[in-house]
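Several structures are given next for inspection.
Shared between the two complexes below is chain A, which has chain B as its partner in the first and chain C in the second.
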Partner chain A sequence: MFDQILQFLLTGITVGSTYALVGLGFAIIYNASDVVNFSQGEFVMIGAMSAVALTAGDTGLPLWVAAIAAVLITMLVGMALQRFAIAPARGASVVTTIIITIGASIFLRGIALLVWGKDLFPLPSFSGDEPIQIGNATILPQSLWVMGGAALLVFGAQYFFNHTTLGKAILACSCNKTAAHLVGINVSIMLLVAYGLSAALGAMAGILVAPITFTSYDTGVMLGLKGFSAAILGGMGNPMGAVAGGLLLGLIESLAAGLISSGYKDAIGFIILLLVLFFRPSGLFGKASVDRV
Partner chain B sequence: MPSNALLQVTGLTAHYGPIQALHEIALEVNPGELVAMVGANGAGKTTLLHTLSNVHKATSGQVIFDGQEITRTAPHKIVQAGICHIPEGRQVFAPLSVEDNLLLGSFTQRKNKAWVAEETDRIYTLFPILKEKRRQAAGTLSGGQQQMLAMGRALLGRPKLLLLDEPSMGLAPLLVAEIFRVVRELNEKGVTILLVEQNAKAALGIADRGYVLETGRVVLSADADTLLADEAVQKAYLGH
Partner chain C sequence: MRRLGGFYLLAVAVAALPFIFPDNYFVTVVGVSAGLHAILAVSLNLLMGYAGQISLGHAAFFGMGAYTSAILTTRYGWNPWPTILVGLAFTGVIAYIVARPILKLKGHYLAMATLGLGIIVHIVIVQMGWLTGGPDGLGSIPTLSLFGWTVDTDLRWYAVIGTLLMLVIWLALNLIDSRSGRALRALHGSEVAAEMMGIDTAATKTGVFVLAALIASLAGSVFAHQQAFVSPGSFDFFFSIELVTMVVLGGMASTYGAVLGAIILTFLPELLVVFEDYEVMIFGAILMGMMIFLPQGLFIGFQDLLRKFTHRRAVTKKEESSHGVA
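Our next item is the complex of A and B:
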């Protein structure tokens, strides 16, 4: 029994790390502009699919080159989304902007479907597929890549927002756009940077997890929803909350799948999300807002 | 016509949708001056400053600052050019710490680390309470402290011209006096200031010159002392 639980926990942390990264992407754009970007899942898909496409065939690039290129491509897509879909709607309400992001996600998925079709694609593992024994549980080397990569990215993002002027300037844009203008911050560039960063995080999540879960044109839908749940669970706009929310969601799903039924794992994850929203609408780690006029 | 005014505004108009908020505003601020723009609530004072900073678009007219036309310059470039704006209602970055608010104030000067460090020290000397609370979220400060923070934040942008919007708003009289004393002191140290105020008495009391704004039009302009003695001004704004 204990071995089984250990196995579920390892799986849960792996999946949860992916959710955490997607959730972090949600939090970054939310923090910069109060917008929930429902194309976040599509960033994950574009990252993974581009990496697959770039490594494929006889002329394929080495995996690490393809991964870097795929992240850059996704960043460009994210910035283009901001520049050509979000920015022209400047002045529109937040709800309108959110609906634009939903439209954009359908558009991006459609393009992916046209380019790559409906097949499920694998990406080679970074360092082999020989399972590693931990007690009586096993873990794939790729899972370690997912966990390690996620941890690194999370700490990187944390450092960026708490200790760099650029990071703080992005936060300033969301807490008070007019004041951000008035201290000389170029708000449109900051939003572009925020979308680029979110897209990069999404792409990296997609590339890290693709060797385990495979990828297809529509993997972004579920991952986007899970990442959104993670961000809500942790408290929207709290990046570390989103990470904790993602890990928690991954663990809950994995335990639910193992101990109850794998058919219900998504349902149980969402039920817990609903419960949190009922009893703690600001999320598990959401802080009460401090505002004084 | 050549002019050595630091800020020269001519024929400036601005709208909110179909409603015209500013009518052909003309004004000048000379280097080293403290100029007050007084007027009742809704006269267009805040709109005027927003239009100067170009966070509100001008419909027509011209703003010349330091010899350069800046009427349609992007807001962040106006700050780079040397106009720092302390907005109405302080508008501090509430969830960020006092320290971070000041850091963001120095955004356009961020390459000049030595100057920023020095200036930050000067601001902590000017407002010791900010130093004491530097790790607290700005949103938890009192109104007066937030006003000090907003002023410190603007000073870190290394202003040639400081636009100050309604610093007395919502503050106790004692605090108002303190804030105006600091404004005067900054001006004496060489900062050129355009102060917009509903509290005409306090503003004209420290200013060199003044303008009176009524429903988006400049209706009077004179030395501050002359305006303080003017009967119409006394009746309308000073409660005599």
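Our next item is the complex of A and C:
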């Protein structure tokens, strides 16, 4: 029994690390522009699919070159999204921006469908497929890559926002755009950087996890929703809350799948999310919101 | 009389269409699903457009009605009519139970909670295969019949759903201009202000949530009998999103706008079929473009354009006349 639980925990943390990265991307964009970006999952898909495409065939690039190129491609997509879809609709209501980003996600998925078709593609593992024994549980080397990569990226993001000028400038924009503008920060460039950063996080999550889960043009849908759940669970606008929310969601789902039923695992995740919202309407780590009257 | 002018116009148009285009696929087949979508959009608009409560899970209530009718008629041999009532009762109770805790939430949290609700219902439908047929769905659902008049042709379904749509629109128009409708619009503006005026905002929100769910359930039951087949795909997250898009596309807080949005979004995929592989991409691009350039919706956007146009004409006329005096 204990071994089983350990196995579920390991799986949960692996899945949760992906959710955490997508949730973190959600939080960064939400903080910078007050937009709930429903195309966040598409960044994950584009990252993974581009990496697959670039490594494929006889003329394929080495994995690490392909990975870097895929991240750069996704960053461009993220910045284009900001520049051509979000920026022109400045001042639109919450619902309108939600539908714009949903439209963007359908659009990106449509392009992926056109370019890559409906097939499921694998990405080669970074360092072999020999399972590692931990007690009586096993773990794939790729899972370690996912966990380690996610941890590195989360701490990297933390450092970026707290200790670099660029990161602080983005934070300043999310606090008060006018004030940031007045102290000489170019707000529209900061918004572009925030979207690019968020897209890069999504792409890296996609590349890290693609060797385990494989990837296809529609893998972004559920991942995007999970990332949104993670961000809400942690309290919208709290990046580290989103990371914690993602890990928690991954663990809940993995335990629910193992101990209750794998068919209902997503439902159980959402039920727990609803219960959290009913009792703590601003998420686990969110500050209670105060309405301006 | 003047208030319902648009209503009579629409009723005449709905009634006249099958006479102008008899046996037209776009009228009797696509038109029927446009009608069902319009009923759903009008109900969601009560909640979203007027009360200002976003819901990304409206398809769940549509599915509850459809599956109640489908299960009771095919598995237990019920007559279709009482199954519609059971569906209404079931959906109403569920909606009433979840309404209060869900509607306490605001903004993105409300969006997430309704989205979660929709996904949970969808998963339950897929997983409870012994009852719902799982991913394969349920087939051979009997059609409706009344006093020997069986609804068995596309044209008859057009008549039934057209009538139902006009009833729902009439209900929505009257509700909005009633005391409760004004309370709804007040809490959309500011919940605190509405409460100061003595409006029980929690009860009002619950009421409109349950009403919207009931209309969706009714549409679901009718859908099940009309299609004779239901499967989980018709009630998933994407359909909820489509419904929200219909409301926003037509123009929030406008019943006719919701109808217009439903008609456009039903016909769009039919027209995009010629583009085959590009269909998904074009659909996404249109959705994005419309929301970027016409965020207040088509119906209101047109009205504004029209007003600007007539206003400009009035202004130039005035200028001309003042020039005349000088």
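Convention: the second predicted complex is superposed on the first by the 285 of 293 C-alpha atoms of A that agree within 3 Å, B and C clash if a C-alpha of one lies under 4 Å from a C-alpha of the other, contacts with A are read in each partner's own complex, and residues count from 1 in each chain.
Definition applied: a residue touches a chain if its C-beta (ideal position, glycine included) is under 8 Å from a C-beta of that chain, and two chains touch if they have at least 3 such contacts.
Quick caveat, the model's predicted, so the values are computed rather than measured.
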Once the two complexes are aligned on chain A, which partner has more residues of chain A within touching range, chain B or chain C? C
In the superposed arrangement, does A:184 touch chain B (first), chain C (second), both or neither? first
So, does A:100 touch the first partner chain B, the second partner chain C, both, or neither? second
Quick check for you: in the superposed arrangement, does A:76 touch first (chain B), second (chain C), both or neither? neither
Now for A:65: first (chain B), second (chain C), both, or neither, which partner does it touch? neither
After superposition on the shared chain, which partner residues are touched by A:172: those of chain B (first), chain C (second), both, or neither? first
Per the contact definition in the header, classify A:259: touching chain B only (first), chain C only (second), both, or neither. neither
Shared contact residues on chain A - chain B and chain C: 289, 291, 293
Of all residues in chain B, which touch chain A in the complex? 53, 55, 74-76, 79-80, 84-85, 87, 89, 91-96, 100, 103-105, 107-108, 110, 137, 139-143, 146, 153-154, 157, 170
How about chain A: which of its residues touch chain B in the complex? 165, 168-169, 171-172, 175-176, 178-187, 289-293
Can you list the residues on chain A that touch chain C in the complex? 36, 85, 88-89, 92-96, 98-100, 102-111, 113-114, 225, 228-229, 232, 236, 261, 263-264, 266-267, 270-271, 273-274, 277-278, 281-283, 289, 291, 293
Chain A-touching residues of chain C, taken from the complex the two chains share: 48, 54, 101-102, 104-109, 111-113, 115-117, 119-120, 123-124, 126-127, 190, 192-193, 237, 241, 244-245, 248, 252, 277-289, 291-293, 295
